[in-house]
Amino acid sequence: QGARKVRVGLMLPYTGTYAALGNAITNGFKLAVEQGGGKLGGSEVEYFTVDDESDAAKAPENANKLIKRDNVDVLVGTVHSGVALAMARVARETKSLLIVPNAGADEITGPLCAPNIFRTSFSAWQPAYAMGNVMAERKHKNVVTLSWKYSFGEQSVAGFKEAFEKAGGKVVKELYLPFPNVEFQPYLTEIAALKPDAVFVFFAGGGAVKFVKDYAAAGLKSTIPLYGSGFLTDGTLEAQGDAAEGLLTTLHYADGLDIPKDKEFRAAYASAFKMQPDVYAVQGYDAAQLFAAGLAAVKGDVGKRDELVKAMESATIDSPRGKFTLSKAHNPVQDIYLRKVEGKENKVVAVAAKALADPARGCRM
Amino acid sequence: MGELVLAARGLSRQFGGLAANKDVSLDMHRGELHAVLGPNGAGKSTLINLLSGDLPPSGGQILYRGQDISGWSPDRRSRAGIGRSYQRTNIFPAFTAFENCRLAAQSRTPRALHIFSRAQNYDDLRSAADRALEQAGLAARRDIVAATLSHGEQRQLEIAMVLATAPSVLLLDEPLAGMGSEESQLMVTLLQKLSADHAILLVEHDMDAVFAVADVITVMVTGQVLESGPPDQIRASLAVQEAYLGGGEPDDE
Amino acid sequence: MSETLLEAEGLHSFYGSSHILHGIDFVVRRGETIGLMGRNGMGKTTLIRSMLGHVRPRHGRVAVRGKTMTGSAPYLIARKGIAYVPEGRGIFPNLSVRENLLMAAKPGIDGRRDWTYERVLETFPRLGERLTNGGGQLSGGEQQMLTIGRALMTNPDVLILDEATEGLAPLIAKEIWYIVRQIRATGIATIVIDKNHAAVTSISDRNVILVKGKVAFEGSSAELRAQPELLHKHLGAG
Amino acid sequence: MDLTTFLIQLLNALQYGLLLFLVASGLTLIFGIMGIINLAHGSFYMMGAYMAFALTSATGNLFVAILLGIALSALIGFLLEWGLFSRLYKRDHLDQVLLTYGLILVFEEIRSMIVGDDVHGVRIPEMLSASIQLSETLSYPVYRLFMSAVCIVLAVLMYWLIRHTRLGMMIRAGSSNREMVQSLGINIDLIYRLVFALGVTLAAFAGMLAAPVSSVYPGMGNQVLIICFVVVVIGGVGSVWGALVAALLIGLADTFGKVIIPDYAGLTVYLLMAAVLLWRPEGIFRRI
Amino acid sequence: MSSAIKTPRAALLATLLVLSVFPLFGSDYYSELLTKIMIMAIFAMSLDLLVGFTGLVSFGHAAFFGIAAYAVVLVSPQYDPSSLWLVLPAAVLAAAVAAFVVGLFVLRTKGIYFIMVTLAFAQMIYFVFHDSPLGGGSDGVFINFKPELRIGETQLLDLGDAGHFYYVVLLLLVATYVFLRILLRSPLGHALAGIKSNEHRMLSLGFPVFLYKLAGFVIAGALAGVAGFLSACQFGFVTPEILSWHQSGNVLLMVILGGMGTLNGAAIGAFAFVVLQEVFSALTKHWQFLMGTVIVLVVMLLPGGLASLTQRLRRLLLGGGSNG
C-alpha cells in the first residue's frame, strides 16, 4: 500500500496569456510537496501535466487525458473559468477528485458542487462582495462598473452590486467590453462624462495593466477613485508602474500580512524559484496542503474516497493567507483583505470581510 | 441569308470617360460569318464582352432570336447557345486538353447536378470533347496538361472549348492569334465549314483569313461603326484603308 | 565578323521529364535580325527562355557577350542588354501604363538613352491616351504595344520579340517591322518569332527553323525563299 | 451624449484608428503589396514590444531601444525571407499560411524561453509623459497624440514609397509577375528580401511604439493579428490609403459601437467588414 | 482532376481494418482520442471539399461545426436522452441552413476577400453565442444525456457509451469519405474542380457558377455539421470557443498540413495535428516550439503536405525496386 505513488494531474495553462499563472500554481504546489520531503500527506507523488492552453473547447479532452490516460488520483486545475467549469463537469461525471487552485466561477462551488470537487482559491463573488461593502463604507453613492463581457466578469460585478446596493449605494451604469478587447478609451470618456463617485472594475493580466495605465493617463485617477477585484493589481504592478500607486483592491491575499506562515512560505518560495510568490502560488500551495490533509487521513490509500473527502472537508488549511476552512460547498471560508498599492506591493490595509463564505447558490449537497 | 439570330441595337459601354462602344448596331444571321475589324482599342473585344454578357452595357439592347437578353447573366446566355472564345487565353490550366473540352461539353447536359454518377462515364461528353479537339487540330495533344501546352496550342484549345459547347452563335475574339500558319489554315477551313449552320462573329487582325471567310465585314473605330458591308466594299473603302489597313503591301523590299 | 552578343551551344532543355530542346546551337551577333520559326510547340519559346535563364538547360552552354552564363539569374542576363517581349504579353496589370513604362527605364549598357518615355509614347500614340489606365484594362493590342514599349525602355542591344505582333492591327504591326529595321541600323540585334513568315523574312538577315527541338534549317531569307518547299514542310505555310 | 463627449469620442476613434493603421502597416506591405499571407505579423509586433521592453531596460531610453530594435528586426526579417519565405513563392499561397502559423508557435515559445511569461510595462519617455486637459475630468496623454502623428507621417511615407517611387512600382510588379520583372534586369529577389525586412521592421516598430500604452504580455501578437488583416482587406488589398481609411473606419465603428450598442460591441467590426465587402467585394479602394 | 490521386485500395482497407478493431485492443483513452481524430477528420474533409477541390478558402468553417453542436444542445431535452433520429438530422440541417444563408452572402466575394468575409460571418455567429445566454454564454453548455437510437422499446445505440459512439463515428467517417469520393467524380465534382481552376471560364461556358458554389458550400457546411454533432456528443460540452476563428484556423491547418485536394490528406492532417500535439505536449512545457518547428519543416520540405510523403515513399520504393 505505501509503495504506490500518488498520481497528481496538473491541468494548467503553460502557454498563452495565463502561462505565468499556471507556472506559479505549479510552483506553489511543488513547494508544498518539497517541504513534505517529497511527500504529500506521507505519500510519494508522481506528477502528470497537461497544458490546457486556456482553451475551453479542448477542456473535456484534456481532463480526460489525465483521468483516463494517466489515471491520476487527483486533478488540479485550472486558471481559466470556462476550462475549470468543463473540468468540474468531467469530474462530476467520472467522480474524479478535483481541486481548483484559481478559477473563480461561482458555479464550481454553486450548482456544480459535488463531494469530489474542491476549491482553494475563491469565488468571483467573494472579493467583489467585500469590495461592495468597502466602497459603501467609504461613502461612495453612485458607482460605475466596468469589466469584460464574460461570465467571470459579470459574476464579479454581480457580487459587488449585491453588497453595494444592499448597503445603500447605487450602480448607475454597468459597462462591459468584449473580451479580450483592450481599447478602453471610449469607456474612459463615458466614465468621465458620467462623473460617478467611484469606479469598480474587473480586469486581469495584460488587460489590467493597460486599463490601470490608461485610467491614470486619462487623468481620471485623481478625480474618480478606482477600485477593483484584486486581480487588477496582482502580478501586474511591475508593469503598471506609478499608474497603480494607491489603488485599493480586495482579495484573499496581500503583501505585508503579519502571519508567520506567510513569511516562511515567502522565504521558501523565493529561495526555491528565485522569484517572489504571488496569490496564484499561494493557491497552488494550498491545493497541495488540502490534498495532503486528505491523504494523511487515509494513509495514502486513495481508494478510501469517502474518508479522504471527509478529511479534506474538515481540514483547516494553514495557508499563507491565514488559516481557512471550507464551506459546505468546498469553497474557502476566508478573510478578504483590503489592499493598497504602495511601491510595488499590494499592502494590506484592513480586513474587508472576516471569514467570508460564498453563498453557494444552487449547491445541493 | 439565314434567320436573324443575334442583334446589337445601339449598344454603348463607357469606361470612365472613355466610350469603348458607342451606339453600335450589328446583325448576325445563321449561315453568315460576320467579321469585325478595327484598330487596336477600337472596342471589338468590348463588343464581344457585351454580347456574351461578360460586361453589362451602359446603353442599348441585345436581341437573341427576337428576345431582349441585355439583362441575362453570361452563363445563361451561354446555355442559350451563345458561345465565345477569348483573346487572352482562358482555359483550365490544371486539366488536360481533353478534360478542358469535356468540362465544356458537360455544361450542356441537364444532369450537371447529378451527384451519384461518374462524370467519366458519359459517352456523349467524351465524344463531344474528342470531336472538338479534332476540329481544332489538337487531337494529338489530347492528354497533355493545358498549362504545359505551348502558346499556340493553348490558343487552339481555346477554340476547341467553345466548339465543345455546341453553340449556335460563335463569338470569336482573335482565334488565329498565336497560331502558326498551318493551324491558321486549318482554322480558316473550320470556320468556313461552321459558318454554314452557325452565326459567327469573328474579330481578327489576320486580313488574309478575314477576307477569305467573311460574308460581311464591319469596321469599328474608336468605339463606333465606321463602315459595314460585303468584303469587296470594305477592301475598296478609302476610310477603312486609312484607319486600319494602311497603304500598299509594305513587306516586300 | 561583328561581336557575338548571345550564344547557345548544344542546348538541351527539359520540362520535368519531357525533353524539349535537343542540342541547339544558336548565335546572335550585333545588329543582326534573326527570324526564329517553327510550328506550334516546336520549342521556339523554350529556346529563348533557356537562353534568358528562365529555364535551366540540362546540357550545353549559354554565353552572353562572350561570357558563359548558363542558368544565371534572369536579371543578370537581362542586365547585359537583353530585352524580352514574351508571348502572351507580360504586362503588369496592377500598374498603370505610365508605371509599366517608367519602372523599366534604364540606359543601355553603353549609356545610350535612345529610347525614352517620350519616344515610346510617340511611337505608340495609343498608349499616350491611356497613361493612367491599369495595364490589365488595356485592349489586347494595347497591351502588346505596352510590352514592346517597355522592352525598348531598357535600351537593349538584343531585342527578343516572341509573337510580338499577336493581336496588333496591320498598321501597328507594320510599325513594329519598321522599328526593327530602324534599330538594326543602330546596331541592335533582334530575334523575331512571328507567324507572319513573309514579314519576318522580309526583314531578317538570317532565319532559323526549329522542328521538334532541333535546328532544321539555318540560312538567309533569300535561301529560304528559294526553297518554298522547306517553308511548306516545316511551317505548313503555302 | 453631449457635444464635448461626442468630440472626445471622435478623437478616441481617430486615435484608435491611427493606431490600428500603425499596427497594420507592416502587413499592408508584406501582405497587401507583396502578396504574402503572413499570419506571423502579430508575432513580429509582439517581438517589437518585447524588444522595446528589454532594450529600454538595458539602455534606459525608449528611443535608443527603438533604434536598436529596428536594426535587429530588419535583420530578422531579412534572414526569414532568405531562409524560408523566398522558397515558397512558386507554391500555393496556402503554404504560407502553414509556414507562418508554425512561426507563430515558434516565436511565442522563444519569447517564453527568453523573457518568460510575465506581463511587463514600458515607461513613457519623460518628454512625452504629459497630458492635455480636455474636459474637467478627462485629459489626453501627449504620447498618444505623438503616436498618431507618427502614424500619419508613416502613412504618407508609405504611400509615397509604394505609389511614387520606382522601387514601389517594382514591388507591385513583382507581386503580379516576378519572371517578367527579372526579364527587365531587376533583381526582384533582393528587392523582395529588403521589402520583407521592411515589413517586419514596421510591425516590430509598431510594437515598440505601442509598448508603453499597450503593455507587453504573452499572446499580445495574436490579439492584433485578425484586426490587422481586417484593416488591410477592408481597405482594399494593396492600397495604403485604403488601409488608412479602413483603420479609421474601424476606429469609428469600434468606438461608437461600444458607446451606442454596448451589448453587441464585439460584433461591430465584423459587421463593418461584412457590410463593406458585400458592398464592394474588393475592398474600399480597389486597386487597378 | 487529371491528377486524381489514386490511393491504393489496400492502404484504405488496411486503415479501415485497424480502425474497426482498435477499440478491442487499444485502451479506452486512446479509443477516445481516435474518436476525436475521426471527428476532426470528417470536419477537415468537409473543408477540403471547399479549399482543396473548389478553391474556396473558408476561414469560418467552424461556424457550421459549432452551430450543429449547439443545435444538439438546444434540441436535447434536459432530463431524457434525445433520439438520434431527431438530433442528427436537426444538427445537420441547422448547419446546412446556416451555410446556405451565409453562402448567399459570402460567395459573392473572391480570393482573400472570401477568406475574410467567411471569417466575419463566423465571428458574428461566435459573438451571438458568446454574448447571449442562448447557448450558455461564454462558459458554454452541457448535454446531460447523450442521444440514443431506439426502435420501440429497445435501445439500439447509446451515444453515451464510448464503444457505441466509436463505431457510430467510424461509420460516419467512412460514409463521409465514400460520399465525397462519389461526389468528386460526379459531374458536380468536375464542375467544382473547374471552378477552382478557372471560375470565369466556367461562367462563360454556361455553368451557373454561383449555384454550384452554393451547393458545394452547403454540402461542406452540412458535413461540418455532422462533425459538430459528433463533437457535441463526444464530450457533451459545447462552448463558443468551438466556433471561434482558432477552430476555423486549426481545421484549415489540418487540411493544408495533410495536403489539400486529397481527401486522405485532410484525414492525415487531422491525425497528425492531434497526435503531434498529444506527443509533444507530453514531452515539454514548450511543446508548441516543437509543434511549430515540425510545421515549418513540413512546409519547407514536403510540398503537397504529409499526403505527398506516402507518394514519395512509394516512388522511392518502386524506383528502388525497378533498379534492383
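Structure notes:
Letters A, B, C, D and E mark the chains as written, and numbering starts fresh at 1 in each.
Please note the rule applied: a contact is a pair of C-beta atoms (placed from the backbone, for glycine too) under 8 Å apart; a residue touches a chain by one contact, two chains touch by 3 or more.
Everything quoted here is computed from the prediction, not taken from an experiment.
Shared contact partners of chain D and chain E comprise A. Following the contact convention of this document, no chain is adjacent to both chain B and chain C. Chain pairs A-D and A-E differ in how many C-beta pairs they share in contact, with the greater number at A-D.
Once the centre of each chain is set as its mean CA position, chain C and chain D turn out to be 43 Å apart.
Centroids of chain C and chain E (each the mean of its C-alpha atoms) stand 51 Å apart.
Between the CA-based centres of chain A and chain B the separation comes to 74 Å, rounded to the whole angstrom.
Among the residues of chain E, those touching two or more other chains are numbered 127, 130-131, 288.
In chain C, the residues touching two or more other chains are 137.
Across the assembly, chain A contributes 15, 149, 178-179 as residues in contact with two or more other chains. Of all possible chain pairings, those that touch are A-D, A-E, B-C, B-E, C-D, D-E.
Within the complex formed with chain E, the residues of chain D that make contact are 37, 84, 87-88, 91-92, 94-95, 97-99, 101-110, 112-113, 226, 229-230, 233, 237, 263-264, 266-267, 270-271, 273-274, 277-278, 281-283. Remark: chain C residues 15, 18, 38-42, 45, 87-89, 126, 130, 137-142, 144-145, 163, 166-174, 177-178, 195, 197-199, 202-203, 235-238 touch chain B in the complex. Against chain B, the residues of chain E that register as touching in their complex are 1-3, 182-183, 185-191, 193-194, 196-198, 200-209, 215. Residues 27-30, 32, 36, 127, 130-131, 137-140, 142, 235-237, 239, 241-242, 244, 246-247, 278, 281, 285, 287-288 of chain E are the ones touching chain A in the complex.
Taken in their complex, chain A has these residues touching chain E: 14-15, 49-51, 55-57, 59-61, 64-65, 68-69, 81-82, 85-86, 89-90, 105, 107, 149-151, 178-179.
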